[in-house]
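Going by the order they are written in, the chains are A, B, C, D and E; count residues from 1 in each one.
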Amino acid sequence: MSFLIGETMRGGYGGADILNGCTIAVDKGEIAVIVGPNGAGKSTAMKAIFGMLPLREGRVTLAGQDITALSPQDRVKAGMGFVPQTSNVFVSMSVQENLEMGAYIRHDDFSDTMEQVFDLFPILKEKRRQPAGELSGGQRQQVAVGRALMTRPSLLMLDEPTAGVSPIVMDELFDRIIEVAATGIAILMVEQNARQALNIADRGYVLVQGSNRFTDTGEALLANPEVRATFLGG
Amino acid sequence: AEDVKIGIILGFTGPLESITPGMAASAELAMKEINDSGLLLDGKKLVSVRADSTCIDNAAATAAAERLVTTENVSAIVGADCSGVTIGIVNNVAVPNGVVMISPSATSPALSDIADNDYFFRTSPSDARQGKVISDVLGSKDVKTVAVSYTNNDYGKAFSDSFVSAFEAAGGKVTIAAPHDDGKGDYSAEVGALAAAGGEALVVLGYVDQGGVGIIRAAVDTGAFETFVLGDGMYGQSLIAAMGDGVEGSYGVIPGTEGEGATKFAEAATAAGLDPSSSYTGESYDAAALIALAMQKAGSTDRTAIRDAMLDVANGPGEKILAGDLARGLQILKDGGDVDYVGATNVELIGPGEAAGTYREYVIEGGEFKTVQFR
Amino acid sequence: MDGFLNALVVFANFVFLPGLAYGAQLALGALGVTLVYGILRFSNFAHGDLMAFGTMITILVTWWLMGMGINFGPLPTALLALPIGIFGAVAMALFIDRFVFRFYRKQRSDGIVFVMASVGVMFVLNGIVRLIIGPNEQRFADGERFLITVKEFRDLTGLAEGLAVRLPVAITIVVAIMVVAALFWFLQRSKTGKAMRAYSDNEDLALLSGINPDRVVMVTWIIAASLATIAGVLYGLDKSFRPFTYFQLLLPIFASAIVGGIGQPLGAIAGGFVVAFSEVTLTYAYKRVLEYLGFAPDGLVQLLSTEYKFAISFVILVLVLLIRPTGIFKGRVL
Amino acid sequence: MDLTDFLGSGSGFSLENAEKWRENARWDAFPYCFKLEDSASSHDNNNEPKRLKGTRMIRVDDLHMHFGGLKAVDGASIEIAKGSITGLIGPNGAGKTTLFNVIAGHYKPSSGKVWLGDENITGLSPHQLFHKGLLRTFQIAHEFSTLTVRENLMMVPDNQPGERLVDVWIRPSKVRDREEEVRAKADEVIEFLEISHVADELAGNLSGGQKKLLELGRTMMVDAKIVFLDEVGAGVNRTLLNTLGDAILRLNRERGYTFCMIEHDMDFIGRLCDPVIVMAEGKVLAKGTANEVKANEQVIEAYLGRGLKNKPARKARGGTQ
Amino acid sequence: MSNTQRIIFLYAGMALLLAIVGVMQSWTLSLTIMNLCLISAIMSLGVNMQWGYAGLFNVGIMGFAALGGIAAVLTSMPPVPGAWQAGGTGIGLTLLALIGTIAAVIFVRSRTRGVMRTVSTLLVAVAGYFITRTFFDPAVEAIEAVDAARTGYLGGLGLPILFSWLVGGIFAAAAAWLVAKIALGLRSDYLAIATLGISEIIIAIMRNEEWLTRGVKNVSGLPRPVAYEVQLQQAQWFIDLSAKLGTNPIFFSAIYVRLSYAILFALVLIILMWLAERALNSPWGRMMRAIRDNRDAAEAMGKDVTGRHLQIFVLGSAVIGIAGAMLTTLDGQFTPGQYNPLRFTFLIWVMVIVGGSGNNWGAVLGGFLIWFVWVEAEPVGAWLMALLTSGMAATNPVKLHLADAAPYMRPLLMGLILLLMLRFAPRGLIPERGAPSIQKR
């Protein structure tokens, strides 16, 4: 029984279903990566797991608890953190305030965590007073990930965290994600930089049209020629 | 006998909303007096139907009047209040449908030569004369320079024009004649300019519960003027209540009769719980009374018949009828006699159906309006 | 020297102080508008009527207090009644939000739909206030009106000109300064304040950070309704209370909020003063001031006649916007 | 240009279909949006593409763009040769997007000049530049959210009679004819981008990657001289990205388009771009072929990095499932 | 329900409402309301062009409507020869001076640079101002002195008032062009407040420049494009006709006049509607929506956003101006004091949004419906109040208080209806075609 399971999820935005019974699971200390073509429903699946999309069918459990009915805020309180794919920073607030908002539900002193985030993304420290809306695309992405890390979640969900970040930062980010996972946090991420991501993944899911096409370890998926050719760009 | 409907169309919402309830109540007071007498056309009862002119929204006012005339089937209308909507209603509703309309407060000169087919009357005096009267009052007090603040509408503008020309003709000097808008929050700018221009007194030609009092308040607060000369719209107990000592020694004129008409109206109104000093209450009372008397004279509630009888009852010859005396008037008419309605405001419909009017000069002393003389 | 002092006093009495008073009154109103604007992202047309509503309750309580023989020394009794008025307005605002605005929030409606809903609320409040207290002017001021009157000032200084300072004005200015400081601190530094800004910036992301949107909305309304009541009562004490005037105040209040920069508390204050002073200074006749300074102008030396005061404040406004397209304090573009 | 010949089955998207295409011809039979001469598959020689090397297309002279105290672009001078695919890389915040924005007329530079051919285009507005054949995409997708995907594409071509009110009112047939053409072209682009199934969906409802595709699709709707692509690849599936890369190459070779692209995917850059310009802190750090740049110490230090540190440790933990 | 069905259904409902008024109240009232509905619909159509198509937040509707109103005066009123004699030359010279000043400013600006440019522009402008004033002031004084109580202004051209509808459109368009040049760079609410300000300025000018508009003294007695009831009532043919129809001539004359207006107004509405629909459903409309959605991207796709905004702003304002002229024609008088933002700006906005912004049919329906509610809220409110208090004793003080307060049921009811409509059709009664079902804002 995994830490997080989104089971046979079905649902969409009102029209036809986008998710057609896909199942996603990740365990503590594990990294799970979802890959798939554009519009496959990866982000939708993430949203569904986070309670931002009503499910017609299926359920979501966290640590054995059924959380299908929980509101997103309550899921945050239950230890889930999420970095959406788009509009994932508070554009009118400074970088530092963005991070503080990440720690909104924490009542302890979070200055260490903030230092850690600054260590991870040194550029953010430099720009801590600048409104996030004035950052470059890659810098914003760093703020978004930083914000989620501030929650110190037990499950971290990242929707394409590396889109638009430079290789060096991407490596840093993956390094850090590995470290974070090593501390016992479950990590679920959607990636288009799929080869790098599957490289570090314990589990990989290939999502096509809202259902699981392949599910395996990261290595195995990388080794699968069909997956490589059709979804990972050769 | 069945009821006779009389329309009352006034701006119950909008800029004049604080004076119109009193006006409507006064008109209804006259109707009640008539109903209580039981003498109107063998005991017919008058019923008032109110409608909202909004004062500024011509289109809405026309629709409201249309409703009175075609749906409610009123025999005549008291109203409207503001000149703009009054003209609109006269042209688009009253005249086409042949309904008498008596405005208690529309003062625009344009109404004098409107093609009204004789259906339109008003009990408010023309401002031209009042300007002259105020100028005379100032002359008698030997005031040589004044500043003028008038409400920025046709009433205030025409009033101010007539006052300025009368006053200057009499050798006085107007340092500035500046308008103010009603219903605004702040009048410091206006008072600043008025004060800079200076003068022995400030002539305020506005409304007591509108911008007029705002101007006075700001002038008193900044000590810009000590004496205020007040046009008819500024008369009202609420002025003294609001300004207290600030207006002590100020003076002004209102349409009013030497006789007991005004006093009688005041008594009746007070008894009915109305404030007789609120703007245009007497005129409203008179408008309603005139309609009833004209009906009685015509012996019918037919709209055109009312029109034809109107001047007969309003003007001499005949027995003078004061406010509060309507029963007697009805009786005389019933007996075939003639009346000359004087009412609360000394009604005399001249020429194209307007009031000529006499004026009462008053001064504020010890927190009360004291009559000085009639002009 | 006397000439100069007199010129100064005239200017202060007719231009500076009235401008200050009016500006502070507008500013207080604009603060409430700008807050709702900033956090909930719509222009609340019901603000003027909310002001009237809160003031009405305060007035009713004041009358009751006066009837009981309670007063507040030299200060107006209304200040004692103010908390209850605030409470009433807050309750009303929350009620309205629950039954009107929440629906559109859940629907994620366009900003303009909120604005129209607020116009609906405006009409309803408009009716309610008039139903209860009527359309007439109501007076409820007692206590001292002046800190110093013109005459006292003259006697004191021996100058030819006098200067009047009204107590309600002094209170308004003090309150405006305190409120804006508190609000600024609250929004910039406190956790709830930051949460409110976050919410206004990106609702979804706020949700993802664990911010409770209902709480943010509630706090916003509490503050906005309190500000509305305070502004309304202070304004009523200085001038007078009439529902129609309060509705008319909406326009200059909006102008202040926008020219200051939408969502900027400091901007609301600045905007209030810009509007007020542009009305007063540009239509003032400088003749007397100049005379005291030793010039002898023949005319009134009035830049524009007072008919244009409203228009001129808008000219200034448009000019300010042309130079700073998002307001003096760089407000948001919604 | 005649497009309609190339309209395929017009069938909606289905995965099976798409995969079949992939297997078959690796897209070669698939029309871009213009009638292209048949050419050898670009995959065979994708590391050494032949180019219509030519004269200078764009020249940027000592450009500065300052935001308050921040020097986003701080004296960059670059040249883009006609017929090249120039890559622009650099760390996040290096000023790449800002440079694009200045060239494309969204910002007026603090100082410096931009030339298109021999013409000084500094300070021209974006729509004027569009008419001079300069197109760009946005890094953060700027879709028209209440228009459908097809409408998003159809609004791009300029000089449509339907966009002049007088013609709309009095020359409906002319408008209709042109509309047909534009629609056909849009449909081709849609199919090419594998988004036929959402062609009538509002663009606001697209997935993140689909929006990026649409962004690219718009540049395919007209004949451009030079196209600036700001991270079209970010968020786009790699298989599809390869296809896009092929398309870019073909456009470049066969239609003579010049490209300048910002991208963080070095494989992609390496496959397409020559030369590659590296920016850092608002300045040009290096320039050369992809391989030269990859070997440059400074570039590695500032941008490329040296791979994952944690990877070995991770491997050791492998198989915990 | 498909959109077309919905449109038919709702319009039929609207017609039914008007018919109910006809039966329950009176047909003249019903027609009176309908005429205003038609005018409101045109105004709302104009605003819809600006907001619904292009997302321009114009809160200066009042000003453009007033410009239409003054056009009616200036086209149709007879000229005042006395005033022309007294001040015509002065006004002519003023105009020349004004043009001269502008020319001089342009000349000076073309010949100078930098600080000199600002300084010299200022100098020339100030000089021009004073020269203009020396012609202007005496002329104004002379004109206003000519029979101040009845005229005191220059009068108009004495043309048939129907022309003024076109002229009103042109006036409004010209003003809109100017406004757009000044303010269109501003976004959303900042544009709103700027347009609001400019419209207040327009009204202030109309209220105070008496030599041109008679100011607050109003201009009444504008000629009508249709017959006068009183004349009809006396015309033999009319009396015969009404006898043939078996109606009373007074009633029939009212109906006849209102119907004539209705036909004229409906014609205008139909023409404008045709043009608007055609435009909206063309590539032009698509481009407009694209610009509304994302102005930066549209600009990058070669659309001249500023130019298009200017175009639509001018067109929309022209439509409002036409409606303004029509309104003044119907009123038969021009009263600058009646232009207030609540009635002439916000009410129109309510029409557009309740009807459905971005959809011409919606906006027009909104114009009809909201005007209907605006007028009928009063009697219905009073009736409700009577119903409410009917159970109470006649002397009950609460009843007396409430009976007096009946007029305030009007805003209350208006507000409630508005809220209800928005509640059940938050995107408008007839929403924009394929309008956003977008989840995120």
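Methods note: a contact is a pair of C-beta atoms (placed from the backbone, for glycine too) under 8 Å apart; a residue touches a chain by one contact, two chains touch by 3 or more.
From a predicted model like this one, the values you see are computed outputs, not experimental measurements.
**Student:** Using direct touches as single steps, what is the fewest number of steps from chain B over to chain D?
**Tutor:** Each step joins two touching chains, and the minimum needed here is 2.
**Student:** Per the definition at the top, count C-beta pairs in contact and tell me whether A-D or D-E has more.
**Tutor:** A-D is joined by more C-beta pairs in contact.
**Student:** Using mean CA coordinates as chain centres, what's the chain A-chain C distance in Å?
**Tutor:** Centres of chain A and chain C (C-alpha means) sit 46 Å apart.
**Student:** Could you tell me the distance, in whole angstrom, between the mean C-alpha positions of chain B and chain E?
**Tutor:** 32
**Student:** Quick one: chain C and chain D, Cα centre-to-centre, how many Å?
**Tutor:** Chain centres of chain C and chain D, defined by C-alpha means, are spaced 51 Å apart.
**Student:** Cα centroid separation between chain B and chain C, in whole Å?
**Tutor:** From the centre of chain B to the centre of chain C is 35 Å.
**Student:** Where in chain B do residues touch at least two different other chains?
**Tutor:** 13, 17, 21, 152, 179
**Student:** Could you check chain D for residues that touch two or more other chains and list them?
**Tutor:** Counting only residues that touch two or more other chains, chain D contributes 205.
**Student:** Which residue numbers or ranges of chain C touch two or more of the other chains?
**Tutor:** 130, 134-135, 204, 305, 307, 310
**Student:** Please name which positions on chain E make contact with chain D in the complex.
**Tutor:** For chain E paired with chain D, touching residues are 275, 278-279, 282-284, 286-287, 289-290, 292-294, 296-305, 311, 315, 432, 434-440.
**Student:** For chain B, which residues count as touching chain E in their complex?
**Tutor:** Against chain E, chain B makes touches at 12-13, 17, 21, 25, 50-52, 56-60, 62-64, 66-67, 70-71, 82-85, 87-88, 91-92, 95-98, 108-110, 113-115, 117, 128, 152-154, 156-158, 161, 179.
**Student:** Considering the complex alone, what residue numbers of chain C touch chain A?
**Tutor:** By the definition above, chain C touches chain A via 191, 194-195, 197-198, 200-202, 204-212, 332.
**Student:** Provide the residue numbers of chain A that touch chain C in the complex, in ascending order.
**Tutor:** That would be residues 50, 52, 72-73, 76-77, 81-82, 84, 87-93, 97, 100-102, 104-105, 147, 151 of chain A.
**Student:** So in the complex, the part of chain C that touches chain B is made up of which residues?
**Tutor:** It comes out as residues 10, 13-15, 17-19, 21-22, 25, 130, 134-137, 139, 149-151, 162, 164, 166, 235, 239-240, 242, 244-245, 248-249, 252, 276, 279-280, 283-289, 300, 302, 305-307, 309-310.
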